[in-house]
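Next, two complexes with chain A in common: one pairs it with chain B, the other with chain C.
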Partner chain A sequence: MVLPALAIYAFLYLYPALSNLAYALQRWDGVTKAKFVGLHNFVNMTNNDDLLHKVVGNSFKFTFFVVIFQTAASLFFATFLVKNTKTNIALRTLYFFPTILSSVSVGLIWTFLYDPNFGFVNAIFKKVGLNSFALNWLGSEKSSLYAIAFSQVWFHTGQMMVIYIAGLQQIPAELYEAAEVDGASRWQQFKNVTWPMAMPTTAVVVAYTTIQSFRAFDLIYSMTQGGPQNSSNILVTLIYNTAFSSFRFGYASAESILLVVVVLVITWLQRRVLRINTGEK
Partner chain B sequence: MFYNFARRVALISFALAIIVPTSIVVLGAFKKDLEIYTQPLAWPKHWSLFNFSRLIHEGNVFVPFRNSLIVTTCSVAITLTLASMAAYGISRMINVTGKVLFLLFSLGLAIPGQVNIIPIYILFTKLHLTNSLIGLIMVNVAVTLPISIFILTTFFRNIQKEMFEVAGIDGATTWRIYRSIALPLSRPAMGATGIFLFVICWNDLLYPLMLITQADKKTLPLTLIDFRGEYATSFSMLFTAILVASMPLVIMYVFMQRSFVAGLTAGAVKG
Partner chain C sequence: MKRMINGVRPVGFMRIGLVTAAVAAVVLAPIARADSPTFGKSCTVQGLSTGIKTTDLVCQQDANGKLKWAKVFVGSARVKPAAAMTSPAGTIEFYHWRPEDKAVFASIISKFEAANPGAHITQVISNSVDYTNLAFAKIKADPKAAVFVTSRGGQFQQFYDGGLLRDISSERYVKQNVVSSALAPATVNGKVYGIPYQFLFNDPLYNTDIFAKNNWDVPANWSDVLAFCKKAKAAGYIPFAYPGATRGNAGQIMNSFMMNSAPDLATLTSRLQAIDTGKADLTSDWFTALAKQYKAMADAGCFPPNVTGYTDTSAAADFANGKAAIYPTGTFSISTVVGLNPAMKGKMKLMSFIAVDTKPTYQGIFNDTFILSVNPKATSRDQNIARAFISFLAQAPIAQEYAVGTSQHVSIVNVDYSSNIDLSNTSDIMGKNLMLAPRFIFNNVGTVRNPMEDALIAIAGGADVTKTLADTSKTIKQGLSG
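Presenting the complex of A and B:
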């Protein structure tokens, strides 16, 4: 019964993954004959590719921003909506709503909101007198990456919040009652009960958000395509452009192997750090 | 006191952060461009279906809509069938083979699918599966199989073994047990997984972008990207297209919130 699934998986997932390793050792424009170049692509990536180094940096900045703000926001709202009242359930449904939209739709909506001339974001900043904040959000090298990261947070906070709510509802009520008897303030209750007890959920949320941000191809492609001046280019958009705009297939394969390694190492590190944290408490 | 006030302000702010952009899009679909720029949140002066008719006649939106529908439903149906069979098979294996197979599929979870775009592109070019809806369906199935098998195997493993064993003693074949016991029992899990897959396939941009260039084979997200170039300054058209492209999922979400939340969080937790 496993056979049909296994056949497709082997042919369209495992086999491509392995052939990727072979392509990474070649120089190929997709038309002329491929040339075996050994580890040349990887040497080039390490030594003379300033663009790649910038893009790897961008990937980390983007992921870091999203992980910090999305996790904080989703936990923040989860603590507010943990009880199953009617209003809370309605709000959860609303907050979750962006998750079902396509990245392209979200990207285009935010392109409008960020528009320097008639965008809503700047209109609000001007209205409250913060004229200096009315920037060309997507058009400026300084802000484009973070502007997109903010859209990503808007996009997926509701999804992570729902996971947090499920986790928070597992915390025994007695713990809060005991804390209250001891006269603990809300902040102390959060610090000493909610945060340590929610650590396993945090591990899940952080791990998922990390991978989700590293993969944010659709959103970036639909908002800036990595520009201006590669300021919002991350690894997945770079791989796509290397292959399908510059037609350097071998080099793109080598870059995608770098992506696998980075994702695996980060996942592994996070597991270790978060396991130590949950182990101590 | 202060806590309740702060809580309320935070909740309302986030609610507005979602309602305002959504309203701009929905209202904008009925407005002229100038009105969107000057008064994005105001009620349309004249409710006009002009954008919709332009989208249908000029933008030919029915074609990508139909393509998205075909690709998504076929991908989801095939993935669910194959994944539930495989998951059932794996969960019934008590020997090492089951563990090895499960690990093999889990490998697909650790490696992001985007890593494979170059070999997939090369393979599909060789097989003449670019510019083909069947090709898109094949990629979708391959990419979503690991996560689906993972979710469903976990589910089948939690069903009491005795249910299957008793049926086995009664002489039912494996296939029969799968169809008459495993499948009916797994309806909620299958529903949630199905919705998760539907959202992923319906919204995907990367693979169509890579594999499709012919206009009559394009899917909705790809068409939206084209519109972005074509109607760069016409947000009324873009908003109308966004509205049309999102409508099926929005309607489903309204009627099946629970399954949506279950499916999209199961995908996250397990993925």
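Presenting the complex of A and C:
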């Protein structure tokens, strides 16, 4: 029984991963013969690639924004929709709906909404007299990354909300009853019961959101392709461009190894922090 | 048939012989009457022809540089176009990047299949960005991809280097059905590896109604351009619907900026190749001066507000709806504009975008692209289907169906554009001295051209010229050295 599973794993995961490692040690344009360059790609990534450094920074900013706001929003909605009433189920479906849309469609919709000259977002700001908030959302180096991050939050909050609801429904009702008997307010109940008891779910949501944010390719590619001036370029879009636009497959492989390492380290750190908070060893 | 010289289509080149009967009726005939075209006699308007038959005449420069009426020779071999080849039975795939041409190709394919029972062709279509990035990998891995297109420059070179282009030099339809000068971008060491099917003009389109209504002349030099922008903006129009958020189409106007920026094409080519290979950077005086022209246009109000976030979708819509006077892309955008607003049919012409105040050498840009090729990795039967299909596309009535249906000029002889008014209206640029689009000289598109165009867009959006060019040069050099 183990052998077929191992064979599938080796063929679908191990072999591509090892091949990627081998490509990372080569200079290859995808057409002509590859040349072995040892660790040159990794050295170059460290010493001679300002674009990569900028993009790594963008990836962290993007992920940080999405993890914070997506986690907060999904937990917020989950706490209100945790009971299985008809209204709540209808609202859950509504909030979950964006998740089932194609990411490219979502990107196109938000590109239209963000249009600086006739988009809905700026129209609303102008309508209520907040003209200074009517920005060149996707065309400005200052705002493009965060504008896409907001779209990402909108896109996936419903998905994380469902995970949170499943977690919150596991919290024993007696704990809330006891808190009520002790005279705890809604906020105190949340702080002392919901939040600590939801920590294992939070760990899953945060880890999943982090990985999801680091590989948010479709949305960025369909909205800005990483522009303007690489201000919304993150690691996955850079890897794609390095491989398929610049035809530097070896270098792109090295960048993809960096991506894996970064995601592994962050996920490990998150788990450490959340374990400390929950008292797990 | 004349060949292109250093990438420049000679004045009065033979493709003029293909200009429509409608143009001949509306434009050429009155001039012809005035000039009384006679073989060998002087003429005054470069590029004008009296028709499309081999007995017709075209006004072109002779060896002494004088304008004379010469014979139109539409095909390279000066013989009758070759008939379409017969296809064996079988199914192949046709890869291309024009979703907007799907219906027209479907109609043509059904005719091909009717003429060749048992032969089937499936279109595999991507958008142009995805096609640029992924076509090579997909076609290399797909033996059924027997016929496909490449764009001129880097992509064609990539396919050539990868051995994915069959030598079709000896095919009769190549020698007899294609305007010979158009074959240059698909020719390597004297061998032809494809047919550049589309004959595009990457020059700004202008709305003739807006210009007529406001009594404006089309800007004829750089000072005119800047003065026009102020005038058009004051009148409430977007002077140039420059799509700064869509690099592909925003990059087209760079061709026009470049065409008269160097003393000659050889110098320009050598400067661009130096940038492409990292031997020169964007901080050179020449490129800085060019970048400053983007800034000058921005300062003159030529571009829409928030130009770096202004998508091509918005630009096309603004132009189609009469909010923008000029849409600086090219003839390939005509069908999109007409699709958005059918009332625009017949209201577009091409502008010679002259970015100098001195007498310009070149008055417009053209490109021979959408290069149809046969995949040598396909089975010989599939290659024969592909050859037959290309020979079918190279028949004048079929090429005409494609041209008229998609509003694209083509490189096939004896095509009559008269049933498409937009093609007729834009055909007059063929009489001008045109440069083969320099934008496609770049082979390092991802590492060099894309960041370079991004820098120009940023400058159009108000970024500092010196800092932007210095930063981008550094990025390019690091990319090339890595």
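Going forward, the second predicted complex is superposed on the first by the 268 of 281 C-alpha atoms of A that agree within 3 Å, B and C clash if a C-alpha of one lies under 4 Å from a C-alpha of the other, contacts with A are read in each partner's own complex, and residues count from 1 in each chain.
Everything below uses one rule, namely that contacts are C-beta pairs under 8 Å (C-beta built on N, C-alpha and C of every residue); 3 or more make two chains touch, one makes a residue touch a chain.
Model, not experiment: these values are computed from the prediction.
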**Asked** Put the two structures on top of each other at chain A: do chain B and chain C fit, or clash?
**Response** clash
**Message:** Just checking: does A:Phe120 make contact with chain B only, chain C only, both, or neither of them? Give me first, second, both or neither.
**Reply:** first
**Prompt:** After superposition on the shared chain, which partner residues are touched by A:Asn41: those of chain B (first), chain C (second), both, or neither?
**Reply:** second
**Message:** According to the stated criteria, A:Pro228 is in contact with first (chain B), second (chain C), both, or neither; which is it?
**Reply:** second
**Message:** Tell me the contact category for A:Ser105 with respect to chain B and chain C: first, second, both or neither.
**Reply:** first
**Request:** Look at A:Tyr176 in the shared chain and tell me whether it touches chain B only, chain C only, both, or neither; answer first, second, both or neither.
**Result:** neither
**Message:** According to the stated criteria, A:Phe190 is in contact with first (chain B), second (chain C), both, or neither; which is it?
**Reply:** neither
**Message:** In this superposition, which partner touches a larger number of chain A residues, chain B or chain C?
**Reply:** B
**Message:** On the A-aligned overlay, A:Tyr146 touches which partner chain: chain B = first, chain C = second, or both, or neither?
**Reply:** neither
**Message:** Going by the contact rule set out at the top, does A:Phe214 touch chain B (first), chain C (second), both, or neither?
**Reply:** first
**Item:** First (chain B), second (chain C), both or neither touched by A:Phe244
**Value:** both
**Prompt:** So which bits of chain A does chain B touch that chain C touches too?
**Reply:** 30, 111, 117-118, 240, 244
**Fill in**
Interface with chain A, chain B side, in the complex: residues 3, 7, 10-11, 14-15, 17-22, 24-25, 36-38, 40, 82-83, 85-86, 88-90, 101, 104-105, 107-108, 110-123, 138-139, 141-143, 145-146, 149, 174-175, 178, 199, 202-206, 209-210, 220-221, 224-225, 228, 235, 238-239, 242, 245-246, 249-250, 253, 257, 260-261, 264-265, 268-269, 271
**Item:** Residue ranges of chain C in contact with chain A within the complex
**Value:** 129, 132-134, 136-137, 158, 161-162, 244-245, 247, 304-311, 314, 444-447, 450, 454-455, 457-458, 461, 463, 468, 474-475, 478-479, 481-482
**Prompt:** What does chain A use to touch chain B in their complex?
**Reply:** 1-2, 4-6, 8-9, 11-17, 19-20, 23, 30, 76-77, 80-81, 91-105, 108-113, 117-118, 120, 154, 157, 159-160, 162-163, 166, 186, 204, 208, 211, 214-215, 217-218, 221-222, 236, 239-240, 243-244, 249, 252-253, 256-257, 259-260, 263-264, 267
**Message:** Going by the contact rule set out above, which residues of chain A touch chain C in the complex?
**Reply:** 30-32, 41, 44-45, 48-51, 111, 114-118, 136-140, 224-225, 227-230, 240-242, 244-248, 251
